[in-house]
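Multiple structures follow.
Each of the next two complexes has chain A plus one other chain: chain B in the first, chain C in the second.
Let's look at the complex of A and B:
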């Protein structure tokens, strides 16, 4: 296995804490916040994270495929979740301790509920506004009502973190490569 | 209006049974959401609707919206009153009302037993139904007023037949056809409401999942608990519905040592797994399985286990453990003999230090271990104590730290054993309550008695049984084990 070459491109407006485990070719967009103790492993292929994303503690984002893993804007990865999707769109929420397999591609406005295991055996693309909830992973379609308020809340969440996290955590800056 | 449900604002999501919240609707979309840099406090406007945070169901899907976020019950009352079962009930009440008025007016002067004065026409109807004349059985009349019986009989004959609002036969036919049509055009099973989503309704409702309405939250009762012997109140929750605290909370956990069980070899295996997974290796399932098996309990082996005792009392305690024979789980004696786990527990008493406020540990750590009179060697921090009792290393005290003592025992799992490794353990502990009785304040009868109580500290003894569960035996075929005898 070729050695993993670390190459971090972190936007100057992104907030990435020192205690984050980064590996491989990772690009982090403007305004994205990575909490301490998060893990982003671009083992086989690069990971590109968009702007305004919030990656909380214990979240694990792994790319084991050679293709680029693209994560869109304004996504929220809650505590302890594990995500391996090759593509993630915008404004999704992966709730606490959820696990999403690498066969799943997420579009936008999806919600993976807390603790849910999304492990389909074949490749699958989740439609927009899909909500997966419950211990059995039931699915339903969200009407989209309230999404403006939710995005507004996420923006406020991000703004608050951008103010507070640097006060109590050391930040990691990009390599400049 | 159902009586065991919240009458005000609390509703249940019909989809996932979580509590619904009242949220305002989104403001009209300007097209480009990112331009709103003005971070306003509240971005939402009426109409309000109910929203489930878990499955994202909202009541706007069934066209239930509110103008104000409070007083939802009043706003929903209109819908509930037009439900078929309430209309039916109203008709029933109207039908029976003249009869009830007549029967209650005739019943009153006859002075039936005092508790029969019902102001509610429904309960009056119920009690008169109970007193109804049954053919073949002599009528029970404590006051022997046969005159009244005849009166009631006369009234009953006048009651006309009741015609329901909806003819059941025709209704069933109508809805049946519609249901069949609906089923024919089903695209996914999720469109049909499941049975447990529908059966809280007293009336037959639509089968579609999209027609499910929010339910009111069922009320729960808070119970208080008394001691069975002295009737003293042990648990008394707070009156306020939302708070989960207790006014009176006397739980045994405040007096008994807390016991937690760990398997050191399982913890070591977990550490190994974590370390190797962060390095990006162990992606194969076989490797992961192996490491998981390294932490499991396999028949035919023996494992040490650690019991950590935490002392909640302000006095140090001496704990003694004993193994109780497992019973009840195994039916026949032969099976019991085969499946008995051989447990070794430390047989001597071990002390657990008293609970002290955290800051005291920083200042003087030596004071704690001054309680140790056994002459066991401890180092300055009291971490690993050398076992001076001449027992094997595996069974005995492992660690003494603050008010926690960890002892280790050993379990030997015989080859044919299966199932959970559980054993009953008898824990007995004694302590000396050093607090002298304040002689002047308490109502002690004689001064000599109070003096005696303050002089001689009493030894208190407690013991309890507990079940220690070490886990399930992982059934694994040993590849080395061949068929040879």
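Let's look at the complex of A and C:
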């Protein structure tokens, strides 16, 4: 296996803390926030993260496949979650300490509840508005009520963190700057 | 003494049996971990490091000394907080430790997520004889209120033990609370005095855990009432834990 070549492309409006572990070819879009102690590993293929995502402390994002791992916009990865999905749409929430295997692809507006383990043996695409919750990983569909409020909260959260995190944490810049 | 980036270590609590106020109500500081990347720039490490160790001989893996600030000559105060150098503490100026509190290695405490607005904002306040287990994450909860996004402070009482790898986003935790390992305490949870949370419990956001209750499961549910002797038992346990506590010699 060839050694992992690091190449970080971080948008100038993204906030990536110094204390973040990055490996491989990683692109981080505008307004995305990566808290300290998060980990992003592009082992095989590159990882491309869209804009407005929030990646909290202890979250691990891994790409084990050769293809590009694409993460859309406005996703929230909460504390200690582990995500290996090859594709992730927009506005998804992966709650605290949830684990999502590389056989799952996420569309948009999905919620993976706290501590849930999603490991289907065959490849699967989660429909929009899917909610997986509880210790047994039960599924439901979100009606979409409160979607606007949820996105509004996330946008404000992002704005706040972009404002506040640089005051207390040292930031990481991309290779280009 | 308006230095930033010092961990306030003081007895700044109101109420409670063991409070000591007045002269000793001073905010002191703990020698600081080099892992504290966020505020490394602002630290005057020389102040901390020449306290109770001979320079050049041995750097203790744990910092047990803390000092009163506010005088030109530093005076040692026996607040006895033990903070691992491997703990990540961001925004230490917004964190108050009550004294005799242990913060284990790998813990993450987010003091940087403070309430917006002018003035000094306390983000996380811990009481006396608390334990933050290994790999714990303590972070204040957030919400929008009247259209404004904000993080809200987290208050933790005395004699609170939090087990390893738990994630706490509670609003308030009372006195004599035990939280097990691998728990997830959701945002704005209120845990009343003497409650106990079993290992691997997931407490959903906005839950109120009543006093003297045992909660377990996912989602966390009421299991049974605890005996009325719980406060004394927990108090004795936490004190014993603190007095018997010895850091790993290999840990740096």
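One rule holds for everything that comes next: the second predicted complex is superposed on the first by the 176 of 177 C-alpha atoms of A that agree within 3 Å, B and C clash if a C-alpha of one lies under 4 Å from a C-alpha of the other, contacts with A are read in each partner's own complex, and residues count from 1 in each chain.
Here is the rule we go by: a residue touches a chain if its C-beta (ideal position, glycine included) is under 8 Å from a C-beta of that chain, and two chains touch if they have at least 3 such contacts.
None of these values were measured; they are calculated from a predicted model.
Trainee: Quick one: chain B and chain C on chain A, clash or fit?
Mentor: clash
Trainee: Between chain B (first) and chain C (second), which, if any, makes contact with A:156: first, second, both or neither?
Mentor: In the superposition, A:156 touches chain B and chain C alike.
Trainee: Regarding the shared-chain residue A:145, is it in contact with chain B (first), chain C (second), both, or neither?
Mentor: First partner only.
Trainee: Which of the two partners, first being chain B and second being chain C, lies in contact with A:164: first, second, both, or neither?
Mentor: second
Trainee: After lining up the shared chain so the two structures overlap, which partner does A:41 touch, if you call chain B first and chain C second: first, second, both or neither?
Mentor: first
Trainee: For A:97 in the superposed arrangement: first (chain B), second (chain C), both or neither?
Mentor: It touches chain C, and chain B stays clear.
Trainee: Could you say whether A:64 touches chain B, chain C, both of them, or neither, answering first, second, both or neither?
Mentor: The answer is first: A:64 touches chain B but not chain C.
Trainee: Between chain B (first) and chain C (second), which does A:131 come into contact with in this model arrangement: first, second, both, or neither?
Mentor: Touch partner of A:131: chain B, not chain C.
Trainee: Can you check which stretch of chain B gets into chain C in the overlay, out of 199-207, 307-315 or 469-477?
Mentor: Clashes with chain C appear only in stretch 307-315.
Trainee: Which residues of chain A are in contact with chain B in one complex and with chain C in the other?
Mentor: 134, 152, 156, 159
Trainee: Mind pulling up the chain A residues that touch chain B in the complex?
Mentor: Listed in rising order, the residues are 4, 21, 23, 39, 41, 43, 64, 111, 113, 131, 133-134, 138-140, 142-143, 145-149, 151-152, 155-156, 159.
Trainee: Note which residues of chain B are touching chain A in the complex, please.
Mentor: Residue positions touching the partner: 15-16, 23-27, 29, 33, 36, 39, 43-44, 49, 51, 54-58, 60-61, 190, 278, 280, 283.
Trainee: Across the complex, what residues on chain A touch chain C?
Mentor: Against chain C, chain A makes touches at 17-19, 36-37, 57-58, 79-80, 96-97, 114-115, 134-135, 152-153, 156-157, 159-160, 164-165, 167-170.
Trainee: Which part of chain C faces chain A closely enough to touch in the complex?
Mentor: 37-39, 41, 88, 90-91, 108, 110-114, 116, 137, 139, 142-144, 148-151, 167, 184, 186, 202, 204, 218-219
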